[in-house]
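Pasting the structures in now, so scroll down.
Shared chain: chain A. Partners: chain B in the first complex, chain C in the second.
For the complex of A and B:
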């Protein structure tokens, strides 16, 4: 029988991580994500896992990457300022292809901003926050149930694609309490990183499997010796300036995610079949938006709803197929207009795209999004 | 010549190394490898971590589980490795800028936490790789590309910093005393707890040229002429120690070790069952 819980979003993230097999957490206190660290501190040792409070945000992600190299599924959680501090090491994990999960419970920015209030101002930082090229996988939960499920997905994706996966929660989703249905253990899909099948002396640590462009990953301590470096490296993991080797490494980092976009991307739709307008919303705003769309439908307006669950890669094709007969796409979000740019890119001029931003630390009221719909209609 | 056992720890196919001819880092790497051979460490169970800088290129040349991380952060990476897999021997090799400037916070906290990691700090008083900028251990008055009129800020005494922050083993030697370096590294690796070995070395290319020690031998002579053993230094007045290098063991104490304590905690809350 599935278990029922009444949890806060941050609790669901922590418990989802443990269900996914996470056994290492490195953290640093920051509002509004601290509950995740606190719960991991309680729960991890009970399952033989390790929790460590590091001296700063940078140290916490560094420890998490170290633990993953030693074979653990590992996670850190933070919010805006801490997410900024972690960016360099997030890039290290992209370059060295180390699976980790980074949770960012978004709060108002820039800078210290609004520590206790919601925002969605970090969606572009999640995509481009670290320097250098890479593909990003970022998931945005809109409910406590999704906090649980998408954290499991985040681990599975990071293990499969050998790279960081960002869980972009927000202050409202992180702190609200809802019913969560916990699936039975064996029904939870668990993905583990591919291990080398060759003998240690034959192991070439960054030689990709042609099947999926992803090299099998040994762990420190399991008999294989290999070198990890953030410098651009060859298949042996050794630094190189060779233009061909460099070109091939960086393109592979992008390609290994890009070619499986169809399997990664998730979205949710409502009443889009006959719609002449579509509201695109994600995270906590999607709840308000859906309520406004229902209200508009009840008033006879032909409005549909589209919710990207993976913000990155953005569900471009999944949105495009809904655009026949659509005249306008509306993007309410808690920033000054970030994902609206990606929506414009996806829509390619086939409909007018309207953004509506809010950065006062509150959520939109359903009536505000309903008014937005009426204005555009 | 290195012994065949020491050569067996090198990834010779990745030579030539990046260090300048006459650099002191090779002397330290040799001492470290002799220590590992003597302690009969297994390459598969030995992790060598580093950050960024000339000295931090060392792990690439060592045939073990090696990790060249981000600038200043290697101790935090190493902390994750050690806590995840306590059976590994974890050694972190750092330069003075890496360890005490950008990585200063991780350094003092690794000392405080007393986690079973050995930190080998190669102190050449300068940022060598980036072109001779002043570091937190460049002496007052010395010249650097970012201190063209002489350094104003007072340098760290890395050993005193480590003792103050709670490391359980702290020692200093110089590359003019390679056997002492080997001995201290061996003691440090055997120590259950956070162990610091600071090795004074030189960058004749970047520091020496500007500070009247342009040849490698000038620096080795400088270390020979100016090193004073810890016990003798303890009897000397401070004015006589001006400009001297105190070498020896600064701390060797038994303190609760972090990973062991965490494993006890897991047992206490029933995590092993």
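For the complex of A and C:
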């Protein structure tokens, strides 16, 4: 029988991580993510895992990368300013192709900003916060149930694609409590990283399999030799300036995700068939938006709803197919206009795109988004 | 109750246990009543003690989209500061319970306002001000019972799930006293 719990979003992230096989957490507490670290500290030892509180955010992500290289599924959790501190090592994990999960429970920024208040100001930080080229995978839960499920997805995607995956939660979703239905263990799909099938002496650590562009990953201690460096490296993992090798490596980092976009991208829609207006919203704001869209429908307005669940890659094609007959796309978000840029890119001028930003630390109220719909209609 | 949405708010000062009280209401409704959707949220400042804090529960038989409270059907308010800050969005005709010791100016809102000795009961009858939130929960339990939304027994069970071992009797005593205070009125 599936269990029913009444959990906080942050609890669901921690428990989802453990269900996904996470056995290492390197933490440095920061509101509104701290409950994730607290719960991991209690729960990980019960399943033979390790929790370490490091000296700061940089140390904690470094420990997480090390744990993953040693074969553990590993996670860290933070918020805005802590996410910035982790960015250099997130780049290291992209380059070295180390699977990790980074949770950012978004709060008001910039800087220490509003520790206990909600925002969505890190959407672009998730995409481009680290240096260098890479393809980002970032998931935005809108309910406590999704905190559980998308954390499992985040681990599965990071293991499959050998790269960081970001769970972009927010203070409202992280701190609210809702019912969660916990599936039975065996029904949860679990993906584990590919291990080398060759003997240690034949292992070429960054030689990708042609079918997916992803190299099998040996763990430190397995008897396989593997050199790990953030410098651009050849298939043996050693630094190189060779233009052909470099060109091939960096394009592969992007391509290994890009070619499977169709399998990664997730979104949710409501009443889009006859819509002449679509509200695009994600995370906690999507709940307000849906409530406003239902009200608009009840008043005869032909409004639809589109929620990207993967913020990155953005569901471009999935939005495009809905645009026939749509005159306006509305993007309410808790920042000064970030995802609206990506929506404009996806819409390609086929409809007018209107953004509405809010940065006062509160979640939009349904009446505010309803008014926004009426203004545009 | 049909598809109606009920909004409950418990507000006071950081440290009075208003968040725990709302969590217990949420757990009681979600885990010990049948077929209810429940969302519990809170708002508080960066300080650990003091400041105005509020915790809220939204409950409905249908799906809950917007998770926060906009016009509460029931408010329990434990300090003047919280009263000044939050009480005014009361749903017309709703129930507002204020503590008669800390809320010195009863709010002028279109609601049924009950001034109850919540803090004094905790302090004088139970002997521990720390159980203020349990007295408040007792009052909430009576209101939810009168709306046929939850049985007091569900809240009792949820309290027992949450309070530290050895304090069950103390907390339940406070709960029963709070229930009794409200039962006299409603």
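Assorted remarks:
Keep in mind that, in the parts below, the second predicted complex is superposed on the first by the 377 of 377 C-alpha atoms of A that agree within 3 Å, B and C clash if a C-alpha of one lies under 4 Å from a C-alpha of the other, contacts with A are read in each partner's own complex, and residues count from 1 in each chain.
By our rule, a residue touches a chain if its C-beta (ideal position, glycine included) is under 8 Å from a C-beta of that chain, and two chains touch if they have at least 3 such contacts.
Everything quoted here is computed from the prediction, not taken from an experiment.
By the document's definition of touching, of the two partners only chain B reaches A:50; chain C does not. Contacts of A:239 after superposition: chain B is touched, whereas chain C is not reached.
Between chain B and chain C, B touches the greater number of residues of chain A. Touch criterion met: A:89 reaches chain B, while chain C stays clear of it.
Contacts of A:251 after superposition on the shared chain: neither chain B nor chain C is touched. In the superposed model, A:128 lies in contact with neither chain B nor chain C.
Contacts of A:290 after superposition on the shared chain: chain C is touched, whereas chain B is not.
The residues of chain A shared by its contacts with chain B and with chain C come to none at all.
Within the complex formed with chain A, the chain C residues making contact are 23, 26-27, 30-31, 37-46, 65-68, 70. Those residues of chain A lying in contact with chain B across their complex are 24, 26, 45-50, 52, 54-56, 58-60, 62-72, 74, 88-89, 92, 200, 219-221, 223-231, 238-239. Those residues of chain A whose C-beta lies close enough to touch chain C in the complex are 4-6, 31, 115-116, 172, 175-179, 284, 287-288, 290-291, 294, 363, 365-367. Residue ranges on chain B touching chain A, taken from their complex, read 11, 14, 43-45, 47, 49, 59-60, 63-70, 73-74, 76-85, 87-88, 105-106, 109, 262, 265-266, 269-272.
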